[in-house]
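Letters A, B, C and D mark the chains as written, and numbering starts fresh at 1 in each.
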Amino acid sequence: MAVFFRGSQNLLQKLKNHVSFANVSSRAMASKTPVGFIGLGNMGSHMAKNLLKHGYPVFASDIFPESCKEIQDLGAQVLDSPAEVADRADRIITMLPSSPNVIEVYTGLKGILKKVKKGSLLIDSSTIYPSVSKEMAKEAEKMGAVFMDAPVSGGVGAASSGKLTFMVGGVEEEFTAVQELLTCMGTNVVYCGEVGTGQAAKICNNMLLAISMIGTAETMNLGIRLGLDPKLLSKILNMSSGRCWSSDTYNPVPGVMEGVPSANNYQGGFGTTLMAKDLGLAQDTATNTKTAIPLGSVSHQIYRVMCARGYAQKDFSSVFQFLREEENQ
Amino acid sequence: MAVFFRGSQNLLQKLKNHVSFANVSSRAMASKTPVGFIGLGNMGSHMAKNLLKHGYPVFASDIFPESCKEIQDLGAQVLDSPAEVADRADRIITMLPSSPNVIEVYTGLKGILKKVKKGSLLIDSSTIYPSVSKEMAKEAEKMGAVFMDAPVSGGVGAASSGKLTFMVGGVEEEFTAVQELLTCMGTNVVYCGEVGTGQAAKICNNMLLAISMIGTAETMNLGIRLGLDPKLLSKILNMSSGRCWSSDTYNPVPGVMEGVPSANNYQGGFGTTLMAKDLGLAQDTATNTKTAIPLGSVSHQIYRVMCARGYAQKDFSSVFQFLREEENQ
Amino acid sequence: MAVFFRGSQNLLQKLKNHVSFANVSSRAMASKTPVGFIGLGNMGSHMAKNLLKHGYPVFASDIFPESCKEIQDLGAQVLDSPAEVADRADRIITMLPSSPNVIEVYTGLKGILKKVKKGSLLIDSSTIYPSVSKEMAKEAEKMGAVFMDAPVSGGVGAASSGKLTFMVGGVEEEFTAVQELLTCMGTNVVYCGEVGTGQAAKICNNMLLAISMIGTAETMNLGIRLGLDPKLLSKILNMSSGRCWSSDTYNPVPGVMEGVPSANNYQGGFGTTLMAKDLGLAQDTATNTKTAIPLGSVSHQIYRVMCARGYAQKDFSSVFQFLREEENQ
Amino acid sequence: MAVFFRGSQNLLQKLKNHVSFANVSSRAMASKTPVGFIGLGNMGSHMAKNLLKHGYPVFASDIFPESCKEIQDLGAQVLDSPAEVADRADRIITMLPSSPNVIEVYTGLKGILKKVKKGSLLIDSSTIYPSVSKEMAKEAEKMGAVFMDAPVSGGVGAASSGKLTFMVGGVEEEFTAVQELLTCMGTNVVYCGEVGTGQAAKICNNMLLAISMIGTAETMNLGIRLGLDPKLLSKILNMSSGRCWSSDTYNPVPGVMEGVPSANNYQGGFGTTLMAKDLGLAQDTATNTKTAIPLGSVSHQIYRVMCARGYAQKDFSSVFQFLREEENQ
């Protein structure tokens, strides 16, 4: 799995110091107060395990009993509903598939807000609409709690190894408290501004990523047709103004780089269907704010057609293959 | 003027050594054989001056007498036609506006090939169709001469300071001879492959540049609408997978960076009309090779519309301004 | 105002018969049962007047008192809230700006559903998300009422002259009852299928309209550049496979047709900002159903940029002007 | 094969009269002067046969001997080169695959212009760049001959049945003479203006056709996803402002219409690869005239990708299938 977010030396110093501190303090487990965790899917289960590893008692909940079983065996206490988690822990992390799930888990009949304690810190790491994050923050505030959005970048591999990046939106005063928990699960925790801006940052990054990936794919394709060696073209782009992450770190052309999905038949990495989902969020958000995103829109459509044509599960860099004329045409 | 091409440490070592050598050898002017130079426009006049500075006797020609006067005053000998230049010099550099000019200067009635000497080295630094470069190479070969394409990256500023980048296509055996001359005028001289690939490399780089610039502009615009601070968003992108030259070196949003056209009302830099021209070359080349370039095509159309709407002379990063809703709408 | 929807001879026969019947029955005013009308804006006020003209007693409501005053003077009885209208009339028409307004008017504290009578027929002529229509239908069903969506095509002129087209979605058994009321306000009432399909039909038509309008504009522009007379080109397209409503009925090039906005400096007609809104609905709906709409998306972006560049209030055929290079470039 | 061009009642009257006259005059074969025909491919062989049927002696030439054999058996006299045809006939029709062939056949060593007689009428029915047509006209003029461009619309079926449409560019005085010959092969002969405008008209029509076909495909697809019956949606569009040739005459959705390629698994009709070629001409022409064609460009790219993904030989309406999500994704 590729890491989609890299820390710059200067920004990370503080975080690294904090991680050292966390390691020290993790020896003194007894003193740690419990953390709630709701949503034990592919990502969430790894994240909850990393909390346990760092010595936090975890109260967990999920609608699928089998997901609960695994974490229970590792020492977490499983509860029946988000409401009960809120009754037992005043710091809760949620990791859910999409906006409607978040709404249900927070404001549903057995939702967090039914039993949330005053002063609780609620951190949502789901990737959802910024507007839903804002709505949840308002509802939490009515109950005297604080809601922050903290979507992740990095995939299942990074979740497992504790190397996620978190983009955090919400009241700045709570950021230190948020950092304490999130650094157990990730190497970068970036403060983005008021609630919803974590989502906004993630959406923006992934939209530009999609655009530059498709751009790199069609540029490499054109260059190859014009007689350029792909490795050489890639070198020229990377020392020039065409340089981008998709050309210098995650090149979509087989044979140009090692250790990226294009070197492995586009297996692993970040699936086309996930990129299409994120571009859908960008599209809706742009439509609602009346923002023109011409290349973002076309990129969205290209990934949508790719999903329809059998590329849904391949890495999103497979757009190089999709655009290229087949040999025997 | 921004430098559009940056040398990577390892590739440049050899060239730098060569430049030192050139400086040394420039003291020994007398021994240098003359160089022909045809096309004394904004770019060409600076390039010819740099040849003179490095001690090369120059035989120059241009259809505009006033362009000739200036270089004559600096020591060049002005001749009436490309044919006469070819009669006097066996290394000739051409720098012309577009494909038809190149065809005329090489194959016209008073063209280079009418009087070219066997074994002459002809270097064309114009930005034209790769197919025209190939055609000229064939015609030159018939006369026993060698034609190489060597389009530049870098603009008038880089031409003046001798910091252009050259992307060179043609027979590899002649590359050392080409380097000797071009390093008088540029810091990077990159060998790209057979004739036409210099043009191909330039076209490819500028297409990806246009795509990532528009992508950066619309991403920054969306982020701002969603409440993100542009400087912070730019930082997040640059430490992440959205990173590209347009976001980290030439950011299109006023206030994010110093010393770029966006900090100066989009004055200077690389004009929208020039980018539209280069995208036209990319488009035609892609059409002729049946290559799909969806984002390249849309980018071409966007820069075309911008030219029609008053942005022709502004730097191409002004697409940020073009896409942004005006305050009082 | 151009009529955006024209009836085909065969489909309309039944409706025309019905209109005759309506005319006859309108003489017998006394027997008519009252109709509720909520939303007295540019469109709604004309629609309510036409109901009065056809002899229906009207109970009206709007949040703006001045809108109520006018219709009151014409004989309608004005009530304080949607709830009170529902208390007095068992057939209600709503005509509101957007989805949130519809949600409020139906399900708000003083909304229709608070006092709706069992068996009531609720017809919403707003242009909103099909999903919101479906939601409202469910809520209405819980109260024993029937909700139908019936968005209009035709603009203020058609609303005033009673020549709107209605695209109706909902249970088929109620269509006759819906027709009775809607034929007072429109010439075409088309049944589209289950609830939400009226909205779907409108969104689809307007998306294809936008695409073919932009397509016509760029085609005419290209032809003119290539030396074709615009009237002649338009004739050729219209007798050929390029024919479309935008080329044969609403041509965007000044001088080709009379009586269309392009003949009047793009005044009147269907504003660019309204087209951008409808394309936003199409875009969101397509995103949510994972449907690829490449040209619909690009069209959306073009109209969005036009809104940003001063075309918001001009007719949507002004895209011809937007794409055309200015004289002195 | 679908007819891509339909005559309007009023414009055709004159032509029909002419056709009657032609039929009459065809009885008087002996009096007819010979016609040259160069290019006996899929289209050209049918066209030459129709000239023979109408009683014209034909002097034919083609680089493939087998193509010549067939027409020779039908009574044509086969000659070795275009030059020899020009030596024997003063009216010549050419029907060639692309621009380079046209240049060769007219200006090559054994080309028409080597032996063309003064006053000859040269009609080129190939689909090529308007600029090449103009160039050929200039070269012909130097020899005292007249060159006209007359590309066709209609495909092999229409070529066989003599129902092609010709779009004619060139000096107006010669149009009557052109009509006399072309009405043997087609039902519509439209005068478009100076030389090159025939090509321009064809390019423009096919570009708008491509745009509205893709637009119709995505609109129908969206409507189906939203629960609309495709036949009903098609009816609604056709009585409304979304109406276009692709929706009312050549609907791309299987089951909506009879007798179109979508009813026959997209066999027959107008191949995707041919549409891609025509869009390439539109694209290049637009680039060279600096005309913005945003939707034309995207359409070009979509048909290009379709060619790469196995749709090259299917009818161009198969874009409906291409954009639609497969069942089991």
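Convention: a residue touches a chain if its C-beta (ideal position, glycine included) is under 8 Å from a C-beta of that chain, and two chains touch if they have at least 3 such contacts.
Everything numeric here is computed off the predicted structure, so don't read it as measured data.
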item: Option reproducing the contacts of A-B, where over half of them reappear, out of B-C, A-C or C-D; value: C-D
item: Of A-D and C-D, whichever chain pair has more C-beta contact pairs; value: C-D
item: Distance from chain D to chain C - Cα centre to Cα centre, in angstrom; value: 40
item: Geometric centre distance via CA averages, chain D-chain A, whole Å; value: 53
item: Residue numbers of chain C (touch at least two other chains); value: 290-294, 298, 302, 305, 307-308, 323, 325
item: Interfacial residue positions of chain C with respect to chain A in the complex; value: 276, 280, 283-284, 287-288, 290-294, 297-298, 300-302, 304-305, 307-308
item: Parts of chain D lying in touch with chain C, wherever the complex brings them together; value: 4-8, 11, 130, 153, 165, 167, 188, 190, 192-194, 196-197, 200-201, 203-209, 211-212, 214-216, 218-223, 225-229, 232-233, 235-247, 249-250, 282, 285-286, 289-296, 298-299, 302, 323, 325
item: Chain C - residues contacting chain B, complex; value: 298, 305, 307-310, 312, 322-326, 329
